[in-house]
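Per-chain numbering from 1; labels A, B, C and D assigned in written order.
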Amino acid sequence: MTSGENHVKHASNKIKVGILGTSGYGGAELLRRLARHPQVEISGIGSRQFAGQKLGACWPQFAGDFPNLCFTDADKVIENSELIFSAAPHGQATHWLKKALESGKRVIDLSADFRLSPDDYQQWYHMDHPYPELYSRSVYGLVELHREELADAELVANPGCYPTTASLALAPLAAQGLLGRDIIVSAASGVSGAGRGPSLDLHYTETNENFRAYNVAGNHRHTIEIENTLGRISTMGRKLKTHLPFERPIISFTPHLVPMTRGILASCHTRPEKAVDEAELFELYRDFYQDDLLIIVSEELPQTKAVYGSDRCIISVRFDPRSQQIIALATIDNLGKGAAGQAMQNFNLMHGFEETLGLALEGVWP
Amino acid sequence: MTSGENHVKHASNKIKVGILGTSGYGGAELLRRLARHPQVEISGIGSRQFAGQKLGACWPQFAGDFPNLCFTDADKVIENSELIFSAAPHGQATHWLKKALESGKRVIDLSADFRLSPDDYQQWYHMDHPYPELYSRSVYGLVELHREELADAELVANPGCYPTTASLALAPLAAQGLLGRDIIVSAASGVSGAGRGPSLDLHYTETNENFRAYNVAGNHRHTIEIENTLGRISTMGRKLKTHLPFERPIISFTPHLVPMTRGILASCHTRPEKAVDEAELFELYRDFYQDDLLIIVSEELPQTKAVYGSDRCIISVRFDPRSQQIIALATIDNLGKGAAGQAMQNFNLMHGFEETLGLALEGVWP
Amino acid sequence: MTSGENHVKHASNKIKVGILGTSGYGGAELLRRLARHPQVEISGIGSRQFAGQKLGACWPQFAGDFPNLCFTDADKVIENSELIFSAAPHGQATHWLKKALESGKRVIDLSADFRLSPDDYQQWYHMDHPYPELYSRSVYGLVELHREELADAELVANPGCYPTTASLALAPLAAQGLLGRDIIVSAASGVSGAGRGPSLDLHYTETNENFRAYNVAGNHRHTIEIENTLGRISTMGRKLKTHLPFERPIISFTPHLVPMTRGILASCHTRPEKAVDEAELFELYRDFYQDDLLIIVSEELPQTKAVYGSDRCIISVRFDPRSQQIIALATIDNLGKGAAGQAMQNFNLMHGFEETLGLALEGVWP
Amino acid sequence: MTSGENHVKHASNKIKVGILGTSGYGGAELLRRLARHPQVEISGIGSRQFAGQKLGACWPQFAGDFPNLCFTDADKVIENSELIFSAAPHGQATHWLKKALESGKRVIDLSADFRLSPDDYQQWYHMDHPYPELYSRSVYGLVELHREELADAELVANPGCYPTTASLALAPLAAQGLLGRDIIVSAASGVSGAGRGPSLDLHYTETNENFRAYNVAGNHRHTIEIENTLGRISTMGRKLKTHLPFERPIISFTPHLVPMTRGILASCHTRPEKAVDEAELFELYRDFYQDDLLIIVSEELPQTKAVYGSDRCIISVRFDPRSQQIIALATIDNLGKGAAGQAMQNFNLMHGFEETLGLALEGVWP
C-alpha cells in the first residue's frame, strides 16, 4: 500500500503530541484541534514566556480545559512526545527541532524555517540557514500538491498562509500551461496573520476601519514560496516533489491588511497565451481538485467568512474577455488551512488517519 | 466518548433529526453541530423561503457539504424525523410543532412560543397563545437549572439568549437569598441576536462603530423570562420545575447592541440585604455550578471572545464595598449557549448522551 | 480665507443651494459640508421617502441642527435654489435635473447619469440615456484633470468613487506613456459605497469579518470611467476636455468589499515598456500634482484611515524590479473625495471660491 | 460685562497656542480643531518621543499639512505660546504646567492631574499630588456646569470622558433631587479611550469582536469625578464652583470596552424616592440644558455613531414604571466632548469666543 491516506487507524494507543510556541495563535489553534482529535494525547505545551504557568494564564478560550496542563520548556515537550508541532516564529525553534529529529521524533514546523532552500532562505530572510542538511530531509507540506511524499515525511515544512491561498488558486492554471507572462497576486489578510505580539501598527484603534497595502513591490517573503510552487507544477505537473529541480516564474505579489481578525482572500490575475473560456476553466479546476476534501471549487465568488474557523479552501475562477485576463480567487482561514488546519492535515496524512480527522469543515457563520 | 469525536461514527441506529427554520442563524448553527454529532442523521431541513433549493443556496459556509440535501416544506421534515428542532421565529411554527407532537415526535423549540405561560405570552408578545394546552406539557430548557425534568421532556422551550446569560449570572445569588430590592441587568449583544433579516437598523454601515441601548425601561420581552427563572430559584432552590407556582421579582433590564457579530455579556447589579465578601461569593458560585460542564466560574472577568463559537458560559462575580453592590457578570455566544448549543445540550440530555456531545467547548480565539 | 472659517460668515449674498436625494449618504455628507460653508444658504433638501418630515427623522447626526428644515419634493427644491446637487441614484433624478437646467440653474450630479456618452451609458447601465443632448453639455468633474473646463460648467458629472481613486493613481503614468499592455486595478471599498439601502448582502452580520471580491471580470460599471480618463490623458495630456475624441485602453478592474464603513484603496499594477526607477516615478507624481491641494503624494504607503472623513487623496508609487511592475496606490474616502467632497470642490471651482472652502482636510484619526 | 461668552472677539492678532503630548490621540484631535480655528496660531507641538521630527512622522492624517511644523521639547512649546494645552498622561506634565503658569500663560490640562483634590488624587491615583497649591487655582472644566467660573480661569482641569458623559446624563436628576439611594452607571467606551500605546489587551485581534467589562466594583478612577459633580449639583444647584464644599453620593460605576474606535454611551439607573413620569423628566432635561449648544436632549435613544467625530453630547431619559427606575442615557465622542472638543470649548470660553468656534457639530455618519 503506497499511502495510508484512506484508512482510519483505530489506534488503542494514542499518539503523544507536543507543541512548541503554544502562546501564539498557531499554537492555540493546534491545541483546539488536537483537543478534539480522537487519536491524540497532548503530551506537552511549550512557551518560553509562560513556562510554569497554566494554560488558562495565556488563553481565555481554554478556561476550564486541561486544568492540569502547564507550559514547560521545549526540552520537556520534546522528551514526552512522539511528534512535535512547532508554532514558534522562524529562527527560534530550529535548534529544538534538530534535537527532536535526532531523537527520532517526527516534526511539523509551522514556521518558514524549512520551506525554502538555504540559498533562498538567506536571500529572503536575511540570515544563514542554521541546518541546511535538515532542509534536504524536509517535505513542503502543501497537502493537495505534495500528498504522496508527505505520508512518510519526518520533517514537514508547513506552508505560509498567503502561499497556500495563492498556490491553490493558481495551481490548475500552472498545470495546464495557462500562466501568462505576468502573474499579479493581490491578496488581503485579517490581522491575526501578523501574530499576537502587540505593536502600534496593529493596535486596535490604528487598524480598525483601516485598509492598507504593505510590503509592496516584491518585498514580502511569501513571494518566493508561491513562485516555488507554481514553478514545481509547471515543471512536474500534479504530484510535486520538494527536492526535484524546477524552473520558477516571477510573480508580483501585493499583500493588504484588512480590518478583521481572520481570513485571506487572494485575487490572482494572469493573461494566458492561448484562448480560454470560463466553462473550460471550471472543468479544469474541478478535475484538478476532485479528490481533495478540503478544496471547494465554487461558482460563487469566495468570501472569507465562509471559511472563518474552518480548514477548507474555497476557490473560484473567472475569465474577462475584454482584458483577456483570467482571475482566480481563493479564500482560507489563515489560522486554519493557512496554519494549524493544514498542519493537522499533514499530521493525519503522516499517520494514515482520515485526512479531515479533528479538522473543522464548516465555517463559523455568521 | 468525548465531544470531540466528530468524524468517527459508531452508531448503527442514528436518531433522525429535522430542523424547521433552517434559513436563520439558529438553524444553521444547529446544522453545524448536528453534522458532527455521531448519533444523528439529518433527516430534513425546512425553510419556506428556500424550499426546493440546495443547502448551499442559503449558506456559504456549507459549500460542498450535504451535496444532496435540499430544503423542503415543514410537513416533509416532520414526517421523516424522530425529533424536530424549530429555529423559526415565534408564532410561525407552532402549528407544525403541534402536528409533530401529535404524531409522537419530540420537539425542541428555539423560539419564545413555549417559554411563557399563555397569560405572560399575551402580555409580552401581544398575541394570544395559540395552544395553551401545549404550554402545560413544555419544559423550560435552561439546562443547568431544569436538568431533572428535561430528560423526559417531549416539548422543550429553549431559553432566550439574554435570559440564559442573566439567569446563569444571578442564579446562585437568588438561591442564596442575596438578591436585593433592585436588580439592574445591563446587557449587550452582538448583532446576530437580531436574526438574518436585513433592515436599515442593522445595515452594516449603520451598525458598525455604533453602540446603543434599545428597548429601554422594561420593554424587552426577555425581561419576563429572567424574572421567571429568578423567581423559581427563590421559591424552589436549585432544581426547578417549569410548572410549579412561584413568586417573581421585578428586574430592570437594559439591553445594548454591540458592533460585533456574536456574544452577549450581562453585567448584573444588586445590593444584598446582608453583608457579603467576594471570597464567599466565589465559593457560592463554584459550589452551585460544580457539576455543570459548560459553566466556567472564573476569577478573570468574562469577555465575549472567549466563548465565540463556543457553547459555554463564563461567569464571574465582584463585590464593591463602597456601593455595597454585587456585580455578577456572565458571557455566552448568543448563537451557542444562547440558542443552538443549548438546544443540542437539551437534545443530548433527552437521549441520555453525554451532555457535551457535538458541542463546541473552546471558543474560536482570536 | 481658509477652509477652516466654518463659523464666521461674511457674505451678505449667499448662494442658495438645494440637494436632491438627501436621504442617502452622499446627500448627508453634502449637507454636512454645506452647513459649514460660509457662502452657502441651504435652500431645500429633497427626498421622496421623507418628504414633509424634519431632517432629524432621517439623520441622527444632525440632531438639533436646522430645526426648521424639512424634506420637500424635488420641484420645490429646484424652485428655491440657484444650484442643485443631486445625490439620487442614477436614473432617478435626470428628469428634475433637466428642468433645473432649463430654468437656468447649475447642476452637480453625483450619479452616473452624465458621466458616460449615451452609447457607453447604454452598454454599461443597460438603459437608453434619457437626455443625450444634456450629456453633450456636461463636464466630467474629476477636478484635478478637468479643472479648466469646470469653472464655467452648467452641468457637472461628479465622478464615481473607484474611478476617482484609480484615475488619480494612474494619471501621471498615463501622461508619461508608462501604462503597459495590461493594467490591473485591484481596489477595495468600505461598505458605505453601496449606499444606505438594507440588503442581506450588506447586513451587518453577513459583512462583518468578511472580505470578498465582487463584479469580477469586467463587470463593474466603474471600469469604463477609469478607461475613459486614462484614454483622455494618453490622448490629451494634463488638461482634459470631456468632449474631445480620445482612444482608450482596456483595464482589468477587480473591486472588493472591506468590512469597514468608509474608504477606498486602489492598488494598480502595470508593466511599462521602458525602464523606470522609483525616484523618477516620485518626481513624476510630485510634478504632476504640484498645484493640487487635495492630492498628497506620499512616500508612505497610503492607508484608508488617513483620509477617513477627509476630502483628500493620498497617493504613492513603487517599482518592483523583479517583476518589472509599477504599483501605484491611492486612497480616498469614498464619501469625501469619492462623492460629496469632490462635488463641493466642483462647487467652489464653479463659483471662484478657494477650492477647499468647506472641505475637510485632515482625516478623523483614529 | 460679566462674561465674554456671547461675544466673538475679532482679534487681529491670533492667539499663540501650544500643545504638550501631541503624539497622543487627545493631542492630535486638539491639533485638528485648532487648525481650523480662525483665531489661533499653532505656536508649538511637544512630544518627547518625536522631538525633532516632523508632524507627519507621527500622524498620517496630517500628511501634507503644516509641512514645517516639528515636534519640540516642552520648554520651547511653553516659551512660544500664550496658552498651553496639555494632552500628556497624568503625572507627566505637571512640572511643565507649573512653569507655564508661573510665566503667566494659561493652561488647559486634559489629564487628571488637576481634577481632584490632593486627598482624592492620592487615594485614586496612588501618588501624592505634586502641586496641591495649583489645585486650588484650578477650575473643573465641565463647561455646561462650571461655565461662570471658567471664563477667567488660568488653569482648567478638563474632565474625563466617562465623567463628562455620566455627569451630563445625571445632572438634571441631581439638581431636582431625583437621585435615589443607589446610582448604577453602566458605561461603555470605544478603544481610543485607552490611548495610543500598544498592549496585548488592545491588540486588534484580541479586541475585535470582544466586549468586556473592566475595573469593575469601584476600581475605575473616573468614579470619584462623577461623584464629585453629582455631589456639587446636589449641594449647589446649576452653577457649580470647583472649590466650594459639597457632600457627595456614592455610585456604582461599571465600564466596558466596545470593539469600536470612538464613542461612549452611559446607561445610568436610579430609583427616585418620589414618583415621576417621563414627560416631566423630558421637561426637566430640556429646561436644564436650554442654553447649551452642544447638548441635545433627544426623544430618540442616543447612539454613539451620531456623535462620531463630533463635540456634542446627546442625552435621553426613560422611566420604567415596573421597576420604578429612571434610566438616563448619554453619548459623546470620547475624543470630542470627552477630551479635545471640551478643551476647545473651554478655550473659546476663556477668550470670549463663540463657544462652538472650531468645534465639530454634526457627527461623521455613517
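The definition used in the following text is that a residue touches a chain if its C-beta (ideal position, glycine included) is under 8 Å from a C-beta of that chain, and two chains touch if they have at least 3 such contacts.
This is a predicted model, so every value here is computed, not measured.
J.: Looking only at C-beta pairs that count as contacts, which pair of chains has more of them, A-C or A-B?
T.: A-C is joined by more C-beta pairs in contact.
J.: What is the chain whose Cα centroid lies farthest from the Cα centroid of chain B?
T.: Centroid comparison gives C as the farthest chain from chain B.
J.: Please compute the C-alpha centroid of chain A, do the same for chain B, then give the distance between them in whole Å.
T.: 36
J.: Can you give the whole-Å distance between the Cα centres of chain A and chain D?
T.: Averaging C-alpha atoms per chain gives centres 48 Å apart.
J.: Please compute the C-alpha centroid of chain A, do the same for chain C, then give the distance between them in whole Å.
T.: Those two chain centres are 40 Å apart.
J.: Do you know which chain D residues sit against two or more other chains?
T.: Answer for chain D, listing residues that touch two or more other chains: 25, 190, 192, 196, 205-206, 208-209, 259-262, 303, 305, 308, 366.
J.: Considering only the defined contacts, which chain B positions touch chain D in the complex?
T.: Spelled out, the residues of chain B in touch with chain D are 182, 184, 186, 188, 190, 205-206, 208-214, 216-218, 250-252, 254, 256, 258-263, 265, 267, 269, 271, 301-305, 308, 318-323, 325, 327, 329, 331, 366.
J.: Using the touch definition from the top, list the residues of chain B that touch chain A in their complex.
T.: Per the touch definition, chain B meets chain A at residues 2-8, 25, 28, 32, 35, 59-65, 192, 196, 209, 261-262, 296, 298, 300, 303, 305-310, 312, 314, 361-366.
J.: Residue numbers of chain D touching chain A in their complex, please.
T.: 25, 190-192, 196-200, 202-209, 259-261
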